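One structure is given here, and the rest of the page talks about it.
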Amino acid sequence: AAEPYNLGVALGLTGAGALYSADGVEGIKLAVEEINAKGGLLGQHKIELFIRDSQTKPDVGVREVKDLILRDKIRAVINDYSSAVAMAVKPIAQEYKVLHIASISNSENITMINPSPYTFQVVPNSYMQAKAAAVAIAKMAKQKGWKEFITIASDYEWGRSTQASAVKFLKETSPDLTLKKEFWPRLGETQFTSYITGIMAMKPDFVLGSVASNDNVAWMEQAKNYGFFDKIPYPGSLITVTELMLQAKTLTRGIIALTRAPFFAHMDNPMMADFVKNYRAKYNKYPSDWAVLCYDAVYALKQGVEKAKTIDTEKVKDAMKGMTVDLTRGRLTFRTIDNQLSCSSYTGTIADDPRYPFPIYKDIIEIKGSESERPESEILAARKAK
Amino acid sequence: MDDTGKLVLQIDRLKKSFGKYTVLTDVSYSLPKGEIAAIIGPNGAGKSTFFNLITGYHLVDGGTIRFMGREITNWPRHRIARKGISRAFQVSNIYPRLTTFENVRQAILTQQKRTLNIFTPAHRLARKNTLDLLELTGLLSHVDTVAGILSQGDKKKLELALALAGKPELLLLDEPTAGMSSEETHETMQLVKRLNREIGLSILFTEHDISVIFGYAQKLSVLYQGMVIAEGTPEEVRNNEEAQKCYLGEEV
Amino acid sequence: MDITSIFTQFLSGLTYGTILFLVAAGLSLIFGVMNILNFAHAALWLMGAYFSYTFWNLMQEYSFAFWLSIPLAGFAAAAVGWFLEVVLIKRIYKRELHEQLLITYSIALILSDTIKLTWGVTNKLIVRPEMLRKPVFIFGSPLDSYFILVILSGAAVAIGLWWFLKYTRYGHIVKAAVYSREMVAALGIPIPRIYTWVFTLGIFLAGFAGGIQAPIGSITLGMDNAIIIQAFCVVVIGGFGSLLGTLVGSLIVGEVMSFTILFWPEGAMVLIFVITAAILIVRPWGLFGTPMRT
Amino acid sequence: MILEVSGINTYYGTSHILFDVALHMKRGELVCLLGRNGSGKTTTLRSIMGLTIPKRGTVMFHGEELRGRPSYYVAQKGIGYVPDNRLIFPDLTVRENLEIARKKSEHYQGEPWTVEKVCDIFPHLKKLEKHLGGHLSGGEQQMLTIARTLMGNPELILLDEPVEGLAPLIVKDFAEKLIMLKEMGVTILFSEQNIRFSLAIAERAYVINKGRIEYEGTIAELSKNEDIKQKYLMI
Amino acid sequence: MKNKYLFPAALFLLAVVLPFIVPEFWVHVLTEILIMGLFAASFNMIFGYMGQLTFGHAAYYGVGAYTTGLLIVKANVPLLVCLPLSMLSAGLCAAVLGYFCVKLRGIYFAILTMAFGQLVYYIIFQWYTFTGGDNGLQGIVPPAFLGKAANPYYFFTLIVVTLGMIALWIISASPFGYTMRAIRDNAERTEFIGINIQRYMHLNFIIAAMFAGLAGALWGPFNRSVAPDLCNWHHSGMPVFMTVMGGPSNFLGPLVGSAIYTMLMAFVTSFTEYWPMVSGIVIIVVVLVMPGGLLGLLGEKLPFLRQNEGNAKETKG
């Protein structure tokens, strides 16, 4: 048989990212199984998976990726949950000429500054997400006459960049909105009461939240018990399928929220329908955003290899530049300037649905990549400034 | 005063209390150069406290301490030691995990002001001085013994060696022979006496062993209820009624 | 800032403080009596939360499940604690500080992986009974109704421990044992047995605190990481081994957090560390502790 | 016979310290154990107490074998121990030092000791009640350790060099106290270097040398036996 | 007499030869071992020689790493200039914080160092504009003459670490080093022979921090990036593990411990995500079975490993 294709996965299996990363690994495993069942890449190169724990720490991530590259001879690595880890891994991948696909971490800085031709991002980045949220919020603000708002965001790269972009957009689109205060709970915070009461006491018109994974669950649960969501609109924060499933019983219905890759938005796409079916068969649950994104990461790579007609990384890398791929989320294109997949963000209202044992998004608005991406001119300007 | 030059230690109206508990109410004391003197008194009279004040272990509440004419009241401990007062503790206080040799070498290097040296290997320094001192104190057979397992009597000797290593002008010994057998007791006190004679070291000690007190001290002071109640030659003190009543008991 | 919102913030500081107290009480007890700084305490606290979830989950159809699962969590954790004491901790009483720290730290590592293996990476949520899902208002300030229960438990633990330490000699035994275990034994005090039960009690408190914590938000891996450091700060501020100190320390940390969030949100943790360091420098034995020879 | 030690052999690591040591005590006796530095007095007392466990031999207390038992068990049976290095708990006050030692003990029949009662014996301690143990003078510590042992209501007390570091007057006073205790029915075994003191108060004596009991007899006999006195006690 | 240099010399020789034998990944591991070994040895100046457990030593390592990182990224300063500057900045930081730490002992010392360490961590974490916050700094590229392959940087590290270890060795064998042992053994007594212990401990704290800073400075260019995690208390725990594993009473103990720990981790993490459990079990076993660390244990069997460190155990009754 032909030489196998060694694919590395370095995700934060312990630490703050464990919840999302575990789903991601499941998505990857399923994709690899499917591809191998058909003989592997190009029908002959079986994919071999090497999975490592980056511990959500940059220097551990770097070490693990080095190990993957040098010992396991991987050709590509899917990494990471944490943007800081992804950014630390980026130069290493470039140095050793290994493809680097970011599938959960979505800081814009991964692709915007110091771009690497080896690094691709298949998840809507923080800028795109923030813009999508802002579009939805701006519309509501106009309708309801909102004036003042407060932000609460996890105090780390993703929280900060998402918050910054969202605030910037809101200022641009609705100049009469004022930001009253910013709250920055530590990543890993478990007690949000003081934030909750602090925000409630200030009586803002609405609150914009970018709280990360586990913390998001804790924050929303605790806020709910203070009657927070009955009093203060909380539009446009990230509530992914993970949270929908986890908090199925307790989540406040009617919130307008944002997510990255909800499978139910694309059930009309046969690839997605198959994926959900197989995923359920294999794991006995519905796929979260992270499972979808990581699954897509593998298929993007597969199509890159097919286009290059070889598994040679240099060629695959060149082939993937500006390539259009068919993924569960539809037909999408990598932007030439930064290798960012021009994918959609999704907003909608959380509501129960008889088809699923958990609430999903109703009245989904899909904000296309083309509507939310940062203009190329700005990217060039940012790179120059650096 | 004219004779200050001849006094190693001159203490004026020293006071010390711990919280409400007053230990020393008003102690004045002076020690001429080159003399061996003893302080006696019942348990808890404040003898060790007196030593602790002189060496800076406790802060003085009132009064002054002069050493060789210079006031040293409430100086930090290490400065007092550098100035020339060494002490041996009542409960032996040595370096239990260093060898006997290293114990003494440390004290000698400190005296020679070489402890800030970070370049020269320590084993090249002060070897001879250390061995000499060990010989003097009768510890030569234990050079490489870890000090923690020395017998009680040898620990006391090491205690003395550490004090001597500082090349002091004044040596304070707190019950130097406690726990020693009577043979060793006298060997140790003979050494102390010799040092006094040969290099003119001034020595102040405390003891509960009557034979030591009367056998070696040239001057005795009785400390009782925070004050010196009797002072003089051993003979004078022996015949002092108060001293008998509060300390010695009738039949001495 | 008006008076209501100050009061609101005070209340939330109080709840935060109570939770910290529940975690730190056992830590402080164990340190106070056994002179062991238990790095694994928060891991056992977390384990208690998971236990509570499991009990609740098993008995879900009964209305008492919610209430019963909390003390049960305490007992389950205590069983783990007892096992750890007998198998491991017993061997390190005579060891040096760093070895004790390493062992308890290693236990924490092992426990967190055990938790991961047992309960998986998915968050766990306990659904509260209807009556605890709405806030109550105290002088117009909202308070999560569950926190009334939390505060009451905190008070109960404080009183229970106060009684324990007041009417038993455990606090003194430790100070004595630190100096000479041999002498304490020669006085007829069976240290090994006392230690086993005190450790078990301390871990019971950790598990109980975990059970109390469980319905507050969601239970996730790694929750213990952040809280252990804060619990250390509490114990340091209040004074090692002092129950009153632990209580006051918890409230200080809780209120400082609660109010700093309003003025300097990023600085809350920094401020806690500054306070801790300042206390250590000025009064190493803490506000209510007694100095100990080291 | 409340205590009967026979044929004990004790080791520190590999060094053999005690060789077939045997001794026995009747209720209410005051017995001393004499010997030079390093002869094994401390080791004998520690062996009885279970602090160093003899490899062979028996330690019978009221007919119960105590060899191999942990020392807290031995203490609970009614044996009190005053170590030569005092081991006052420095971070506890005098009162706490006393209170921590309070316990019942199996074979004690008299009235239980209280802090007040032991302070009657050592009035000096009364005024130091709130002082930390670590701050006491050497002699005060010595008093405290004896008082502390009494708090455990022992029937038999093992005293290791009780008068070391005590002022002459106190020594005298202390001798009276020991006799008083004995009259209260407490059995006492003590080791000493201070021969004068020992001969003055004890009824019986054991002389130990290099880990072997070389002599056993009443004080009156010992006083007459110049041979033993010269050979082992150097007087 | 001279054979006490045998073991270090053999280790050095091994370090020179190994990279030509082992695959590239292990050369990276070796580099890591050396850097962490120097870090642990610097920690042991405080722990082994001064007798105080610091739980915040990573702060100085981190300050060193960030100094070099910032100098390279922002000002393109040559690496050889960065190294002494990193030592300087870590030393300065320790001069300020250590001043307070050396007033305390035992558990209080451990917790205060940890609190200060966390403080440094939070400052670095929060200071986005300067340190890049939790993103850390990327693009810390070693100078061209060290090339891109693993070996040149490894040998560079080997030289720096060897020099660092020799310096530490000289200090530890000097009268100053022995004064530290004396302070560890009986601080009170040391005052009465005329030593200002606070000052000496402070000095030692600064020296230890400087070498931690040097180790940190080597890390950035090796990893191409630095992140605030380097200052976290978890990272402060690493030298503790390593030193205890290797043996705190042996000068080379920390280095040997670093080798064991780092290789163990490199090995374990490659096949299980449950590395915390494995490392936990290993540490427990080491502490229970080899109280003196590996070298402590071997030292009993192989006398030539033993150094006269004045650490013989006191036999307590």
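Chains: A, B, C, D and E, in written order; residue numbering restarts at 1 for each.
Keep this in mind: a contact is a pair of C-beta atoms (placed from the backbone, for glycine too) under 8 Å apart; a residue touches a chain by one contact, two chains touch by 3 or more.
None of the values given here were measured: they were computed from a predicted structure.
The chains that touch both chain A and chain E are C. Think of each touching pair as a link: the shortest run of links from chain B to chain C has 2 of them. In the absence of chain C, grouping the other chains by touching gives one piece. The chain with its C-alpha centre at the largest distance from the centre of chain C is B.
On a Cα centroid basis, the chain most remote from chain D in this structure is A.
Work out the mean CA point of chain C and of chain E, and you get 32 Å between them. Averaged C-alpha coordinates put the centre of chain A at 76 Å from the centre of chain B.
Centre-to-centre separation between chain C and chain D, using Cα means, comes to 44 Å. Residue positions of chain C with contacts to 2 or more other chains are 116, 182, 266, 269. Among the residues of chain B, none is found touching two or more other chains. Shared interface positions of chain D, i.e. residues touching 2 or more other chains, are given as 51.
For chain E in complex with chain C, the residues that touch the partner chain are 47, 53, 55, 100, 103-108, 110-112, 114-116, 118-119, 122-123, 126, 233, 237, 240-241, 244, 274, 276-277, 279-281, 283-284, 287-288, 291, 317.
Interface of chain A with chain E (complex): residues 13-14, 51-53, 57-59, 62-64, 66-67, 70-71, 83-84, 87-88, 90-92, 95, 107, 109, 114, 155-157, 160, 187.
Contacts from chain B toward chain D in the complex involve residues 18, 21, 41-49, 90-91, 151-153, 175, 178-184, 208, 210, 246-249, 252. Across the interface of their complex, chain C is touched by residues 49, 51, 70-73, 75-76, 81, 83, 87, 89-92, 96-97, 99-101, 103, 105, 134, 148-149, 152 of chain D. Residues 37, 88, 91-92, 95, 97-99, 101-103, 105-110, 112-114, 116-117, 182, 229, 232-233, 236, 240, 266-267, 269-270, 273-274, 276-277, 280-281, 284-285, 294 of chain C touch chain E in their complex.
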